[in-house]
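Note that chain A is present in both complexes that follow, paired respectively with chain B and with chain C.
And then the complex of A and B:
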């Protein structure tokens, strides 16, 4: 866990300390349930009336399972031709995405939508822009078999992982049923949930460190609330917890010059016409690191993003100073990026 | 923690085990932050594609703070005339509420709205029917000073708690600033967050115990999804994570015979007319224990609830068999009620 684990002893002490009461119940006795159990550790807000709460300050899971997930997440062998890993499009040090408008899959194919960040994704209510997966375990099913992404098959992944003595031994030690597709996805999802980014200036301010935000950042936050941005971008992840139509106050897609498949949004999941152009509201955590923006990658700067959102979601024009203030606030949402052990295999 | 703590050692072992990696970061060094830190422990779903996930299987916090919060939660001395505690309207063994349509405050006064349950309330995105408090810490401010509820004042509560040597010693041991209103609310909120109810038949099924649900309960769940109930009642708390208008497909309030103040819903918070009759979707966890139902307590049985929701939210009639099946599913959401140490003081 690199930089993160350097500070682990103090935190581990906190959680294991005898002062703590463990109210765990319901252990069904199955080894895999105990192995895949995980915990988020929270520090309460010093501003409990604010619509945004701090990110968890810690995550706990079985260390061997996390290590295995880290290795699998970075393993290009999960793709059909051995060229693309999960990390290829979700690079943790780069903000959890690839900085591209359209990701590059096997044989150089371009995807149809801007890859969302993996950072803090365990805190979203659902995964993918259209929310078609409820959990990270479910999310992990898709890209491996998508012909334009990793272009592989879960049967082939299971066979390859089972044939690798290092992997097979690790799975056998953790799971009674050893290497299975479910267990591989459990490892990847468990690793992904460790990818929280605490300690942003905004979170330090929320936790009571008054000087953590500059005056302009604080003014930007007040404007973010007053202008209405916070109606959708709120909660711990500053988004990620509701669905909303892109184009509340205007037809973004008509103005942009037409609709593509990726613009359908949630209607592709629910087949309800009312869900056309409806997307999971993205988290704004670390948004300064994840350009370009929107599912269609049509905005390249935070200033562009703020103006488009103000126009199409709130029906208001922001002047340059207002835009700059909100951008200052958005930059205060950049937290500590976790180090990962995985490299290319 | 009574019955809950009897099973704690095994769980504590899990969390403290050397296998676990602690990824805690961001300790600011302030004693109160460390003291008020808490964690939810999750067991992943064995059905990761379902729109409902299991409740946390455990909660960890500073045991002394939880004990203090438990005591305060049950302390009638927090009210203006020493007759009403938090627990008077939120009785943990009775499903976290009082079984009344309108709660009884000091001097026998009746409140204006059906008291929501405190059980699993830490998992809701906001508190109160209209979401006017973002956190449990913020929620706790209101009832103490409401003239029809506890009719006291925070100044008086702080003075009384500070004058009690037992309380004062406990606060001094936990917080550098001893007894303050914020610290009292931190204790109460921390205790309230322990009130999770894992191990319902539905959660045991979600966690992979195939026989935990009866055939009729499983059929009821399928119908709950197919009929559209799950659109709003989903996530870990089967609700509690979005706002929705009461009366999507018909004017419930006109049909009921007029509107009262409590019916305003979220417009009272946002002053946006679009939020009239908009409420935080309630959690259906333990719903079999919390009659009467709705903010206006107008439904007394689960059958009534299901029919009213089908009519006004989904625009469909359910026959008796369909209603009965959904009720069977709802009964599968009753979990283990935590034991609390608090008694009347």
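And then the complex of A and C:
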């Protein structure tokens, strides 16, 4: 009886107090984003007017988060049957891809499109060939649940990561809400952003190291610009910052012998017929390492690529010498592959 | 009821605080910081949109080396919109209009982004063709020159390139027409070119056509980039937000007004409540004061009761410290308590001989080893303070686990009891003394005398040495025990034991106590034993038996005392006994040996001195009886009577009258001779009363000759004078041949002479002449 009689006013006071507190504090909507803050560090360019600019030489990021992303990136446990990791198809030491025209998912399934490289992907304005993901975080959602790729589910991934004391501890230390799908993807994306390949000969040349390029490479670059390649492959990532129709000057797909689903391009995202066969212009960074080429992996050598591009994109013919020069230039875009701590778990 | 009240109070308080909180929140719904963030984001968007337009234009005209800045600006725009969205979500002024405007902005941004993407794409294609044209022309003309000339070919090629570039630069329809004409002209010249270069020519024409047609594609895109849709959308958001904000401010202002009114109301309510409370408290205080007064009165009553019982109460803690609360009487009985730190100290001050006993028992009590009932039994004591006998009883105030921290001390004034006990003891001593006296008066008196001497010797220290003292003490003890003087015997025993234990002689204290004990005994028995021999009581065995019976039957002490008191009067028995002796002596002298004299005193006692003349006069009656009444043995035998005559002496109380009789069984009065004598003396001699009068007249005697004993008629006259002087009468009853009774009657004698009879006998039951088997002892 005494307790009851006490409880009523006390409860009322509590309610009132909480109302007051709520009124005073208000809504604190902005979450703490410090952990996922990421910034690239650039070195000055010696040729600022060139359409191509050097890659960043470093980055500022939370080292623990990067380490965690590295581990997750290499963790096959993120797939449905524990056989495929992100790194399975995007092997960093191998140029950020798997060297296959069609990647192998769980149970040996073949993918529908040539896996793009993860290297310098943080500098792309969008992910996937058709740019359907604007960020790496968004990109990471796809392959995990794609039945032909990792064939898992994010719920399962979260459960598995949360069950791992090492992961759980790391997440709890980094995020107030601990292990969540968003936080896992943030870790992976942050790690991917660190996968830059600075110090390629061409970047060194851009930064003022005149002897970094051979004469043929320099000539190849001049031709790269003169031939019109640079109209699309420009910027610090030599591409990746625009979309373009595959087949501006000719019908590539008809010539190839028919159209597949993967050939639809950006129309699959925007449902605008004007975007049919439109693909994100791929970065040419480390292109020497990422054969086979094109979304359909139809080209196996850089020479082939240059020729196809000249024909269907530029509407002109290049002779073998011109092709070779451009290929020489392209090889100067191979930078230092970052070391990653993660191994397949 | 109480609960309901509390719930109501709780609800009211909750409403007050909650309402205040709610109103406060409402009045603060406009967050200046958030508002700042929205305004800033909108400003950023304006700036960014303008930048985007500018960069779009720069891109179109190749003024920027790559698309990175454009991409960056779009990204920034996205971030700005997201920031605006966050700020708007945070602000409480995100009305439907604002949400719709935001959607419009989002759509405009998406459209602009699509335009940007398209622009980048198309500008790339256009640039490719435009950039290729001069190169293609140069290569074509070189090849043409190498393969032979084409008349006007170079001009036509250059014209196409120039027209295309000019059109691209200026974009006028007129120039497009001109370009198309140039291209057509060049195409018409196709066959004029060498066969090897015709393919290159086709390519050049293709790029020129493409460049021109793409200009039309890029143109609207650039226009779209320069369009103000994005700015308009931003403006739309701003407008909607400003309206919502204004509304919010107005609402907040209204709420603030309400809040102020609410607060004022609350203040009034609080004020009223406080006043009510004050009144309530005042009435409460009043009630408390009344209650307190009532309680005080009752307490005083209680205190009165407490202070008027013949018991005093106080408490002591384990340290012996006396509690402040105590009966008032304690202050009067034991004033030392206030002066001493502890009860033990106070006790040591008022009753030093009992203090060690208390300390010992208290120590035992503190050890908590013994059951507390035993402890309090040991503590209980009796002290004599200021002539008052105080009984001390202790009662532990037990706590929950059976231990005690305080003791209640109950002090009872038992002086009356002690006095009563002393009185009782006195009575017992007196009774004992009396029994001794009755049984062996001489022996008892001898004991008293000897004991008195022993005590005097012991008290005065006359023994001189301890051995003598011890013998004297032992004798005293033995004799005292034999004669039932238990107090003296016990004291002597105690002193003996003390002397033996401590191997010492008598202390002055011992001597004093012995003297006091003996004096106390003597004082107690004094009324019984009397100061002198004369003062000794004369008590018959049945009187004693009766008193003993009364004692046994627990008859009220006052009655017993009355009976004993009566003993202080002189028993008539003694007088009668003396008269009987005199009768015997007279009888023997007159040859009337072996008179049977019976004394019937009926336990009548009289104030000794009061009737002395009567007793002396009674001798005359006795002489009459023996000399004139009783016949000679020969005469008696001749008439058939026992040879020995019989005289009965009696006293009795007849109502308030004292009757003294002298009766004989002799010849009786010869009334004829009395009448003759009266006639001879000239006296009336007709009635019995006249005849008795004649007998009483001085000088009348029925005897012819005066004897040594009687005969001159003086006796009866003296008797009558003595009796009459004390208000009595003399009567004579006589039956010739059977005997005569001479009776002295003193009406109301009991009150006048202090007469008493243990058992007054009603006159009807009193036999005229009764032979009593009891014969008085006369000492």
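Here is the rule we use: the second predicted complex is superposed on the first by the 313 of 345 C-alpha atoms of A that agree within 3 Å, B and C clash if a C-alpha of one lies under 4 Å from a C-alpha of the other, contacts with A are read in each partner's own complex, and residues count from 1 in each chain.
Following the convention adopted for this analysis, a contact is a pair of C-beta atoms (placed from the backbone, for glycine too) under 8 Å apart; a residue touches a chain by one contact, two chains touch by 3 or more.
The structure displayed is predicted, hence computed values, not measured ones.
Output check: A:49 vs chain B and chain C. Expected answer is one of first, second, both, neither. What do you get?
In the superposition, A:49 contacts both chain B and chain C.
If you count the residues of chain A that each partner touches, which comes out higher, chain B or chain C?
For chain A, the partner with the higher number of touched residues is B.
Using the superposition on chain A described above, determine whether A:219 touches chain B (first), chain C (second), both, or neither.
Touch partners of A:219: none, neither chain B nor chain C.
Where does A:324 make contact in the superposed view: on chain B (first), on chain C (second), on both, or on neither?
neither
Of the partners chain B and chain C, which touch A:156 in the superposed model: first, second, both, neither?
Neither partner.
Can A:268 be said to touch chain B (first), chain C (second), both, or neither?
neither
Looking at the overlay, what does A:196 touch: chain B (first), chain C (second), both, or neither?
A:196 contacts chain B only, not chain C.
Taking the superposition as given, does A:168 touch the first partner, chain B, the second, chain C, both, or neither?
A:168 contacts neither chain B nor chain C.
Using the touch definition from the top, say if A:138 reaches chain B (first), chain C (second), both or neither.
First partner only, chain B.
Output check: A:60 vs chain B and chain C. Expected answer is one of first, second, both, neither. What do you get?
A:60 sits against chain B, while chain C stays out of touch.
Hey, what residues of chain A end up touching chain B and chain C alike?
In chain A, residues 1, 4-5, 8, 10-12, 15-16, 19-20, 22-24, 26-27, 30, 48-51, 53, 125, 235, 241-242 are touched by chain B and also by chain C.
Touching chain A in the complex: which residues of chain B?
Residue positions touching the partner: 1, 4-5, 7-8, 10-12, 14-16, 19-28, 30, 33-34, 36-45, 48-51, 53, 57-64, 66, 125, 133-135, 137-138, 185-186, 189, 194, 196, 198-199, 203-204, 207-209, 235, 241-242, 336, 338.
Give every residue of chain A touching chain C within the complex, in rising order.
Where chain A meets chain C, its residues are 1, 4-6, 8-13, 15-17, 19-20, 22-24, 26-27, 29-30, 48-53, 125, 226-228, 231-232, 234-236, 241-245, 248-249, 270, 272, 274, 278, 313-316.
Note which residues of chain C are touching chain A in the complex, please.
The touching residues are 2-3, 6-7, 9-11, 13-18, 20-22, 24-25, 28, 31, 65-68, 70-71, 74-75, 86, 89-90, 114, 117-118, 120-121, 123-125, 127-129, 131-132, 135-136, 203, 206-207, 210.
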